[in-house]
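The structure under discussion appears below in the form of C-alpha cells.
Note that the chains are named A, B, C and D in the order they appear, and that numbering of residues resets to 1 at the start of each chain.
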Amino acid sequence: MDDRGNARGYYGEFGGSFIPEILVATFDELTAAFSEAKADPEFWARYAELMSTYSCRPTPLTFCERLTKHFGGAQIYVKREDLNHTGAHKANNVMGQGLLVQRMGKTRVIAETGAGQHGVATATMAAKFGFDCTIYMGEIDVERQRPNVFWMERLGATVVAVTDGTRILKDAINEAFRDWVTSMDDTHYVLGTACGPHPFPEMVSYFQSIIGSEARDQIRAQTGALPKRIYACVGGGSNAMGIFSAFLDDSEVELIGVEAGGRGLETGEHASRLACGDASVGVAQGYKTYFLQTDDGQMRETHSVAAGLDYVGVSPILANLRDEGRVRFESATDREVIDALALTLKMEGLVPALESTHAFVQAFKEAPNLSPDDVIIINQSGRGDKDIFTVADAFEDPKWREFIKRKAEEYDAGA
Amino acid sequence: MDDRGNARGYYGEFGGSFIPEILVATFDELTAAFSEAKADPEFWARYAELMSTYSCRPTPLTFCERLTKHFGGAQIYVKREDLNHTGAHKANNVMGQGLLVQRMGKTRVIAETGAGQHGVATATMAAKFGFDCTIYMGEIDVERQRPNVFWMERLGATVVAVTDGTRILKDAINEAFRDWVTSMDDTHYVLGTACGPHPFPEMVSYFQSIIGSEARDQIRAQTGALPKRIYACVGGGSNAMGIFSAFLDDSEVELIGVEAGGRGLETGEHASRLACGDASVGVAQGYKTYFLQTDDGQMRETHSVAAGLDYVGVSPILANLRDEGRVRFESATDREVIDALALTLKMEGLVPALESTHAFVQAFKEAPNLSPDDVIIINQSGRGDKDIFTVADAFEDPKWREFIKRKAEEYDAGA
Amino acid sequence: MLAHDLRMMRQEKEILLMTHIVLGYPNFDDCLRVIEGMVEAGVDLMELQIPFSEPIADGPVILRANQSSLAAGATVDQCLEFAESVTRRFDIPFLFMSYYNILFKYGVEAFSQKMSQIGMAGAIVPDLPPEEAGAYLAAMARYGLAPIFIYSPNTPETRMRMIADSADGFIYCVARKGVTGAGTEFSTDLEAYLARCRAATDLPLALGFGVKDKDDVDFLRGRVDIAVIGTQTIRVVEQQGVGAVGEFISRLR
Amino acid sequence: MLAHDLRMMRQEKEILLMTHIVLGYPNFDDCLRVIEGMVEAGVDLMELQIPFSEPIADGPVILRANQSSLAAGATVDQCLEFAESVTRRFDIPFLFMSYYNILFKYGVEAFSQKMSQIGMAGAIVPDLPPEEAGAYLAAMARYGLAPIFIYSPNTPETRMRMIADSADGFIYCVARKGVTGAGTEFSTDLEAYLARCRAATDLPLALGFGVKDKDDVDFLRGRVDIAVIGTQTIRVVEQQGVGAVGEFISRLR
C-alpha cells in the first residue's frame, strides 16, 4: 500500500497525533521502528511467512454461485477473512504488530477490545510470541462477550474490565492509553483498528493490506478482470482499509464502506459516522476524524447489533477517502443484518460475523441492479459463530433459551 | 492414497459391507460412482479447487517454537485442520461427498452427528450445493451440543433428535440408515468418518488423504526431511487416516493413533478400542472391526470428554494397520487432555478441539525423549472454541457459570 | 427341510402366516403366552428375534422392543434356553431373527450347532448378505438349518438368482423400501415385484413389512406362500394386551 | 503576561501553589466554595478543568470527576459562565484545563476570544502537542493568553527547547510516567530531570503529578516555581468535605 498520509499522519484534514507529551517519545520510537520495518523487505517476507504458516494466508476468495443466481445480477465473490486463525482479519494486524514488538525488544503487549475479537487475537499473538498480555475491555462488553473473555484468560492474558465512562470500547481504549503512559518502556499498545494517533492508522492498514493484495490477484486469476465494486463493513476501518488499499488506484473499482445503521439512522441509535450527517469532525483518542459527538464535543453513545462496529470514531484515512469521493459510505440496520445472515447461511453455508454481514447487506441491495458480467467482492472480515449468544437472541431461538436455562440450573445445582 | 482394501472393502479381516438387502443396490451405485470419480483426474482437481476456494486448503503446517523449547526434545509441528471452514477436517470429507452427490444427481443428504461437527459440516455443504439436508443426532448430544444444533438449523438443515437406544452417536448412525433405506433414490448418506460399510472407509479416507499429502510436502519443504512420528486422535479414524495415508509407505515414519482414555482405561469409562484390550472384533453398523461390546455382542456405553471420540467402533483400516503393526495406539485421559489444552493455549495460542488435544497429549509425553533433530507432526483435527461449554465446565470457570446464570435470568425475565 | 415342510403345509392352506416376536419383550413369560395364543390361533411359523443393541433394519416399534428387552437384562443364553422350551412345546417351525453380531460373537459354528440342538428350523439375519455369509452358510448347511435371505424391490434379477443359490427354507421378500413397521401399499407395483421374485426362485416366498390385516393377507393369497405379520402383532400386544393376540391372528385368514 | 505575573509572585514566595478542580464536580456551587477556600488559604493560581468524555491523560479520580460532572449535565457554556464569575471574584490567575476537542468543537478562535473576554490567563491542553497546535497558538497569541505546554521525564532536550518556543506562561513538568493521581517518588532522578527542564527554558516551571503534602512541596522549593496539587485536593474534598480544603492547602507551605 502506498502511504498517502504525510509525515505526521495526516490524510487531508484527518489523522494526526494528539497525544500526551509523555507518549511522544514512544510514538517516535514506534514510528521509526515501523518505518524501518517497512523499508526492510525481509520484514514483509517474515510477516507473509508467519501468516501463511500460523494463520491460513492467502485466505480464499469464494464464488457464491447460489447467491449470485438468487439475486440474478452481479457475480458475488467473498474474501474469506473468517478463515484466519482466531476467526477474523484481526489476526493480520496483531501478528504484524507482534513482529514489530519483537523487533523493538519489548516483552509486554496491551490492547483494547470491544467485541472481544481483537482481544482474543492479541492474547493469541502474545501466547505465540511469549509476551505478557493485558486486555482492556469495557465492563459491559466483558459481560456481553464472556466466551471471548474466557478464551483470553485461557490464553494467558489478564483481562481488565473497565468500569469507567460508558464501559464499552472507547473507554477500553482510554484505559489502554493510561496503562501505556506508565508502561511504555517494555510495553507496546496493540491498537486494534486503523484509528488512533499516527502511525496506527497507517500501520494497521499496512498489515491489513495483505487482504486486498491477495484479493486483487485472486479476482484477476479467477475472473480475468477487476471487480466492479467492493464492499466492506466499517467499524474502526481496518478490514475496509485492508481490502480497499490495493484498489485505490483502480478508478474503475467502486469501493463501498458499510457502517452500522443500528435501529435505523433516523432513531439516532446507530454507529454511522460517514454514511449520514450525525457525526462531525473532532479530536479524541489521539486523532482527528468524524466522531459521533454532541455540539460540546462530548462523545455520544452508539448502538449496533455488532459489537465490533459500535465505535464513535472512524479511520482518518477513510474519512479522507469519503471526503475525496473515493469511497462511498452506506449503512445497514440490525434487522437487515440478521436477514442477510439468515440468507447467507442457507444459500452458501457461510457464517459471516455480524460485523461482516453489514457488507453483505449492501451488496445484496445492489447486486440485482448490476449486470451478470459484473463482479463484486464482499469482504467477510470474520466468522459469526463467536456471536452465537447475540445471533441466537436476534433469531429469538426458543431452544437456545431452554438450553441456557438448563445449563444455569445445572450450575445452580452444582454450586 | 493407494487402496489397500480389496473389492469388498476388506482390510485384513476388517471392513466389509453388512447391509440390509434393500441398500445393496444403493451401495453398488455409490461404489461405482466413487470408482469412476477416483479414476477421473478432473474429479480430484475439482475437489482440490473447491477446497482451496471454499475452505482454506492447503491448511498450514505450524512450527511450535515455544512448545518445542518447553519440552526440549523433538521439533513440534502442527497440521492445522482447525483452519478449515466449519473448523475441522470434517469439511474435507463432506465437500468431497458433496461433489459425488452432485455427480450421482441426488438432491438430498442425510448425516449422523455426535459432537455436532460433522452435522454442521454436512449442513454447510448442503447449503453450498443446494441440497435438502436432515441431520440425525442422539437426543443427549442435541442437548449437550446446542450451539451446533442452532447453526445446523440456521444453515437450513432439519435436525432430528434420536430418542432411541443410548441416544448418542451410534444411535444417530442407526437412524440415518433407517432413513436411507426409505429415501435412497434421491438421498445420499454422508457418513462422517472412515467407518461403516464399504466403500465409506475407503472413500472418507480418500477425501481426507488431502491432509497427509499436503503435510508430507510441507514438512519436507519446511524441514527438508520426513517426520519421525505423526500423532492423530482417533474417533472413527478419519483425521488419522487422512494424515497417515501419505506416510504409510515411509517405514521410517512412526504413526501413532490416540484414543479417548476417558476417566482412565482401568475404569472402563473410555472409548479406547485399539489401545487396550477392552474391545473385541464384531460386526455392527454395517462393518467388521473392533467394538467395545459385551460378550453377547451388545454395544457398550463409552465415555470421553470429547464427544467426537466417544464411539464404539473404529475404522477397519486402522484396525488392520494396528494388527499389522504399522500404527501404534495410545490413549489420553480426560484430565490429561484438559492439561494439554491449557498448555497449548498459553504456549502457542492454538485452540485444539478436545478431540485433537488427545494427539497433543501423547506427543507431549514423547517429545522430551526425542532428539532436537527429530521432527514430529501433530494433526490438529479441529478447533476448540466450539467446545466452550465443555471446556468451561472442565476448567470449572466460575465467571462462565455466572454469565450463563445471568443469561438464563434474562431469558426468564423475557419469557 | 424347512422348504419341504412349508410346501407340505401349503398343500393344506392357501397362505401361511408367520409372526414375529422380540424375545424378552415385554418379558419372557409374556412371550410364552403370546406364542401360545398365536399357535392356537393357527400361526404356521414364527420368528423369534434375539434382541440386539443396534437393530439397524428395524423400525421404531421393534427397535424399542429390542431396547426394552436388553434393558430388562435379556441375554443370548436366556433367549436360547427360552427357544429350546418353545420348540419342545409347540409343533411349528421356529426361526431365529437377529443381527449378525449376535451369531458372530457366539461363534457362527457354535451358534448353528446350538440352533440345531434346540430344534430351530433356521435363521433370518438381515444385515448379512450372501457375499459376507461364507462361514455362516457352511455351518447352517452342516446342521441342516435354513438360512433365510431377503429380496427387496430393488434387487436385480441376477442378484435374486444369486441369493436364491445361497438361501434355503424360503425367501423373505420385503414389500417396500424402509424399515419394519411402516405402512405398505398393496398395489400393482407390489404384484409386479412379486412376479419377479417368483420367477427368480423355486423356494417358497414370504412377504413382510407392513402386513397388518385381512385385506393385506387376502391380497397376498396366491401371490406368495407366507404372509409375515411382524410389527402389527407387537402393536396388538402393546395396545390390547397379550390376550388379544389369538383373536387378532384368527381374523387374518 | 502570565509568565511575568508569576515571576512577580515568586518575588514574594519561594514556591507558588497551583490547584486543580473539575468544573461541575460535585456541582458548581461546591466548586465555588472550594475555590473560595483555596484562594483564602493562599493558592496562587488554579486550573479549572472543563470536563470531557474521554480524559485520556487523567487517572481514575479525575476521570470519575469528569464523568460525574457530565452525567449531572455540565456543559461547556456553563463552565465558561462559571469561570467568568470566578475570575471576577478572585484575584489570582485562572487557567482552563481541558482536552483539545472541547476547544476544537467550540472553535479555537472563538474559544480563545471567549477566554480573554472572561478573564482567563491561559490553558493547558494535555492532548495537544505543539506540532498540532498551529491554529491554537496563533489564536492564543492574538488574545494575549498563555498556552501552557508540558515536559515529561522522557522529553529529549531538543524537544524541550522546541516546546519552550511554543509555550508561554510556564511549563508544566509532569513528575513521572503515568496518569494523574498515582504516587510519585521525590528522588534524585526527579532532581536531575528538573535540572534538565530548567536548562531548557527561561519560563517558570510547574511540577505536577503526585504532589500531595508538605514534604513534597518542600522538596520542590528551590527546584521549581510552582507546585501543582491536582488529584489530592479532589480526594480531600471527597473524603473530608469542601470545608477541609482551606486547611489542607494552608498546611502545604
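Everything below uses one rule, namely that a residue touches a chain if its C-beta (ideal position, glycine included) is under 8 Å from a C-beta of that chain, and two chains touch if they have at least 3 such contacts.
Bear in mind the structure is a predicted one, so any value in this text is a computation, not a measurement.
Listed by label, the chains touching chain A and chain C alike are B. Counting hops only between chains that touch, chain C reaches chain D in a minimum of 3.
Distances between chain centres, each the mean of the C-alpha atoms, put C farthest from chain D.
With each centre defined as the average position of its C-alpha atoms, the distance from chain A to chain B rounds to 33 Å. For the pair chain B and chain C, the distance between C-alpha centroids works out to 37 Å.
Centroids of chain B and chain D (each the mean of its C-alpha atoms) stand 66 Å apart. Shown for chain B are the residues in touch with two or more other chains, of which there are none.
Contact topology of the protein chains: linear, an open path with no closing contact. The list of touching chain pairs reads A-B, A-D, B-C. Taken together, the chain A residues at the contact with chain D in this complex read 8, 16-22, 24-26, 164-165, 170, 174, 177-178, 181-184, 280-286, 291, 293, 295-299. For chain D in complex with chain A, the residues that touch the partner chain are 52-57, 59-60, 63-64, 67, 70, 75-76, 99-102, 104-106, 126-129, 131-132, 149-156, 159, 163, 174, 177-179, 182. Residues of chain A that touch chain B in their complex: 52-56, 59-63, 66, 80, 83-85, 87, 123-128, 130, 143, 146-147, 149-151, 153-156, 222, 342, 345-349, 351, 385-386, 388-389, 391-392, 395, 397, 399-401, 403-409, 411-412, 415.
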